[in-house]
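Paired with subunit B in one complex and with subunit C in the other, subunit A is shared by the two complexes that follow.
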Partner chain A sequence: MLQIENLHVRTDGRDILQGVSLTVERGEVHAVMGPNGSGKSTLANVIAGRPGYEVTEGAVRFDGIDLLALEPEERAHHGVFLAFQYPVEIPGVSNMEFLKAALDSRNAAAGEEELSAIDFMRRARGAADRLDLNPEFLKRGVNEGFSGGEKKRNEILQMLLLEPTLAVLDETDSGLDIDALRIVAAGVNAYASPDNAVVLVTHYQRLLDHIVPDYVHVLVDGRIARTGDKALALELESNGYGWLADPAS
Partner chain B sequence: MSEQNQAVHDRLAREYSAGFVTEIESETLPPGLDEDVVRAISAKKDEPSWMTDWRLDAFRRWRTMPEPNWAHVSFDPIDFEAISYFSAPRNKPKSLDEVDPELLRTYDKLGIPLHEREALAGVEKPQIAVDAVFDSVSIATTFKERLRDAGVIFCSIAEAMRDHPELVRKYLGTVVPVSDNFYAALNSAVFSDGSFVYVPKHTRCPMELSTYFRINAENTGQFERTLIVADEGSYVSYLEGCTAPMRDETQLHAAVVELVALEDAEIKYSTVQNWYPGDEQGRGGIYNFVTKRGACVGARSKISWTQVETGSAITWKYPSVVLRGDDSIGEFYSVALTHNAQQADTGTKMLHIGRNTKSTIVSKGISAGRSQNAYRGRVRMNPGATGARNHTRCDSLLIGDACGAHTFPYIESRNPSAVVEHEATTSKVSDDQLFLCAQRGIDPEKAVSMIVNGFCREVFRELPMEFAVEAGKLLEVSLEGAVG
Partner chain C sequence: MTPAETFAERTHAQRVDYAPWLDREASRRALAEHGLPEPRCEAWRYSNPNRWYQAEPRPSPSAGASPRAVGARLVDFATADDDARTLVRDHLHTAADRAKHPLATVNDIAMRLGLLVHVPVSDTPAEVELGELGGGIERVLVVVDPNASATLVERPATPTHRVVECVLGEGAQLDHVRLQPPAESVEYHLVAARLGAASRYRLAQYSQGASLRRNDLHVRVAGRGGEAEVRCGYRLAAGTHLDTQVGVEHEATDGVSRQTARGVVGDRARAVLNGRIHVAPGAQRSDAALTTKSLLLAATAQLNAKPELTIYADDVRCAHGATVGELDADALFYLRSRGVVEEAARELLIGGFLAEAVADVAGDDARALLGIGR
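Let's turn to the complex of A and B:
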């Protein structure tokens, strides 16, 4: 479904990704790990099309489409979703209004009918319930005055409603206490299916105790230094990332 | 017109849908202003001699006054001799049934119902009485009879002068004196029509009242005068809308609105101002130089201004409240949006005279394109204003990096027990917000309009429901092309 080939990316005058290749198929859960500054978030942002990143080499294809040629909103319409590391506030715009606009534009792009207000409310309430969020939460401004944990749960809420085919979760575990982490993980696990794929970008192994990945990739200095299964994450947990930086080890 | 010009023209036409011209035979005075013109206007309206004298007094004062130059706007000097001060459709209707069908079509096109049928048939639709002012005259006022049953007078000010001279004479010019400022003096001399409202004691006006102002004629100024008097213990909500055709020449609109609230009375005045803003290069558009002021004369009275300003090439406007009665309340909620080459200098004055008077100011300025948007506000606590309070919140939102937002607050407190609070913020529609929206599939134009609407929420919720929806749509249209 997602093919990343030899991806090189520059931002702020620095080469961040230096030849990343990665293939993700439907039904798979991938974890991308690595030390700070290794390029994990850059990878997530380039897939979603955030402005400010220059792809100097390589390609990203999504179901055969050249993803890099599409606007961010078109990528979203094709089913690419990014859960943000630092979700921004949109004061005065209610979560509900925002979610409805997102869903409406996706449905419009797919040539589907707009969801009625009642159906939308039912789905939004259902999703909030699964994430143990008070329905009042839907009436508040987007991320306005939300705690760190609420912001992250709100990202997952959006994922549950938009039902993407590829969900990239950028450090969704950071800032979550253990209870919130369990709730978020349960939401992701319930969502993951043979029809979609999840890419978890994370610094720590602890998220992977709750969401078990099929593949673990370790990104070091803009390249995938190693790929393995869950055991690799545990190895990193005990040995750190240092040993991977040295090609001799 | 070349193909490209046609494309540009079409695009503009789409952006400003009220920009059409009505072909109708009009009677227009030749350009220029002297005492004879003032007398001619007064004569056309069959005014009593005290009114003619009042106008002439205003005219003589106006001639001695300098044009204000302190606002943060710039424009070429206005040639007051090039303006025609009176224009009216030739066939003056005597009743609604006689209104020229062309005029009815004009208001239909603008979405303003000038017939009572539809409203009578629809049970759910809230009923709104409309006074329609076309260039210099009021052409129709709906629901007059129903209002009369409730004791409410709602008519054009020319009619009021004829049918209720005692009320007009008692209140006209009491809130905005003839010599208040340059444009108010000009208006006092040449005003041709406008709306008059009187709500009797202990009466809640049974429906929303509204005036719809339309400039149609070329090279004509519009100088309307509105006077609203809410007697003791009464309540009225009044809406005002305005549009004009698209023309390359600028046009002057210098209105005066006076509100009088007696003891325990409340007036809610809402404006959605959508005068033609000029084109992208800043050619044409309306100069909206307006004096609006309300007097809370009686104790516990309340005046609330809500304005959504999206149109006009230049806006110079400060709806204010004089808080004379003890425990009276003044409010000002404003959204001012400027785009392309528009300039706005708008805000309010809250003058606290009575004890325990309270005022609230919420101003939301949005600047896009190369526009300049200034908030100017004065809060004064007089020595007698013991226990008075003001809270001001002034937020600016910038879209792009070629526009400007400015804040000029003036605070004077002469009573040590008075409390004045001022908060101000400036923010930008951030790339991160736009990217969040895009990532969720929302295109940039829709995203900007959603973000701007959210920014204005506090003000929009003060508007009557159907106006709030209208205002939201208007912002969306006014912002077209704001993100490149």
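Let's turn to the complex of A and C:
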């Protein structure tokens, strides 16, 4: 479904990704790990189409389509979703208004009918419930005054409503206490299915105790230094990232 | 002769049949003494008044709803009885100083329609709606009796020249909403309010732009402990113009005032926003604040914003702040990443920004006018 080939990306005058290749198929859960500054978030942002990243070499295909040629909203319409590391606050726009606009756009792009206000509310409330969020939260400004944990849960709520085929979760575990982490993980696990794929971008192994990946990739200095299964994450947990950077290891 | 002088002379010479009992002499004298603003004067720097002098004031096509009131009396100056005439004589120009607002003197002399809105004390607040008045040069005098309260919603279609004076008695309350739809006209509006002791006046003005639209909003906190709020929300489409001059004068002790403005300026549009706080000597314990936030949507959008504070008392609290920015790129990307197409994402962000300027009274009308939630 997702094919990343020899991807080179530059931002702020620095080469961040230096030849990343990665294939993700439906039904798979991938974890992309790595030390700070290794390019994990850059990879997530380039997939979603955030401005400010220059692809200098390589390709990203999604079901055969050149993803890099698409606007961010078109990528979303094709089923790409990024859970932000730092969700943006938008005062004056209610969470409900925002979620309805997102769903309406997706449905319009798919040639489907707009959800009725009642159906929309039912689904939004259901998703909020699954993430242990008070329905009142739907009336508040988007992420406005939300705690770190609420923001991250709001990202997962959007994922549940938009039902993407590829969900990239950028450091969704950061800033979560253990209870919130469990709730978020349960949301992701319930969502993951043979029809979609999840890419978890994370610095720490602890999220992987709750969401078990099929593949673990370790990004070091803009390249995938190693790929393995869950055991690799545990190895990183005890040995750190240093040994991967050492060519002698 | 300059266009201002020519216009002043022409106005001075006018003999108007409308409501001949009105005393127009004081205004004629003031006009002769003070003249009219010239394009080079600071207060009119960004809105050439010559365009207004040269635009022929015309009665507007009276298509809108006529004024209506519940709990208040509406009296056309032309048919005013003795009581109404006395109210007008006692209150006209107690809020709008002829020397400070020379264009108001033109309105006095040349008015084709004047309306007295009288709000007496009642158990429930009065509701007044001023739709189309149809006068071209229009005058409204609102007198809110002590301890009376009202909401006043103005929907001026496109008057060329409207002066609204609001006089609040002690303990009176007035919620005043003005809705200014887009127009191609050249307009001058003056709202002048005078607040009695412990009265509360809340003005909310929602505007789109016109060819030239000038709004002077002038509030005098004249009685002890008066509270004033002036709120402006505007959205200027490509190539339009809006000049808003807000002035709040604290003349008595313990007054409170809040001025807030939120505006969005489009391509080749120009917004002028002056906010002034004046604290007179002796107006101790005044508490005044002024905040403006503006969004410029294009490199060719223009905003001239200026806060002005003149404070002649030593025990006061005055604050001001102004920000100008563009649409937040991170927020735009956030929305687009959720599938909201760029144009709709921009609308959503603009709507969210402006929504913070909308008050409860006539909130739905305000949102519709500003294009929020389209």
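We adopt the following convention: the second predicted complex is superposed on the first by the 249 of 249 C-alpha atoms of A that agree within 3 Å, B and C clash if a C-alpha of one lies under 4 Å from a C-alpha of the other, contacts with A are read in each partner's own complex, and residues count from 1 in each chain.
The criterion applied here is as follows: a contact is a pair of C-beta atoms (placed from the backbone, for glycine too) under 8 Å apart; a residue touches a chain by one contact, two chains touch by 3 or more.
None of these values were measured; they are calculated from a predicted model.
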Item to check | Which of subunit B and subunit C A:215 touches, first, second, both or neither | outcome: neither
Checklist entry - Between subunit B (first) and subunit C (second), which, if any, makes contact with A:102: first, second, both or neither? => result both
Next on the checklist: Looking at A:158 after the superposition, I want to know if it touches subunit B, subunit C, both of them or none. Which is it: first, second, both, neither?
Outcome noted: both
Next on the checklist: Between subunit B and subunit C, whom does A:87 touch in the aligned arrangement: first, second, both, or neither?
Outcome noted: both
Checklist entry - For A:146, is the partner it touches subunit B (first), subunit C (second), both, or none of the two (neither)? => result neither
Checklist entry - Is A:53 in contact with subunit B, with subunit C, with both, or with neither (first, second, both, neither)? => result neither
Checklist outcome for this item: The shared contact residues of subunit A with subunit B and subunit C are 48-51, 71-73, 75-77, 81-82, 84, 87-88, 90-93, 97-98, 101-102, 105-106, 109, 141, 158, 162
Next on the checklist: Under the definition above, what is the set of subunit B residues touching subunit A in their complex?
Outcome noted: 430-433, 435-444, 446, 450-451, 453-458
Checklist outcome for this item: In the complex, the residues of subunit A that touch subunit C are 48-51, 71-73, 75-77, 81-82, 84, 87-88, 90-93, 97-98, 101-102, 105-106, 109, 141, 158, 162
Checklist outcome for this item: Residue positions on subunit C within touch of subunit A in the complex are 328-331, 333-342, 344-345, 348-349, 351-356, 373
Item to check | Footprint of subunit B on subunit A - complex, ascending | outcome: 48-52, 71-73, 75-77, 81-82, 84, 87-88, 90-93, 97-98, 101-102, 105-106, 109, 141-142, 158, 162
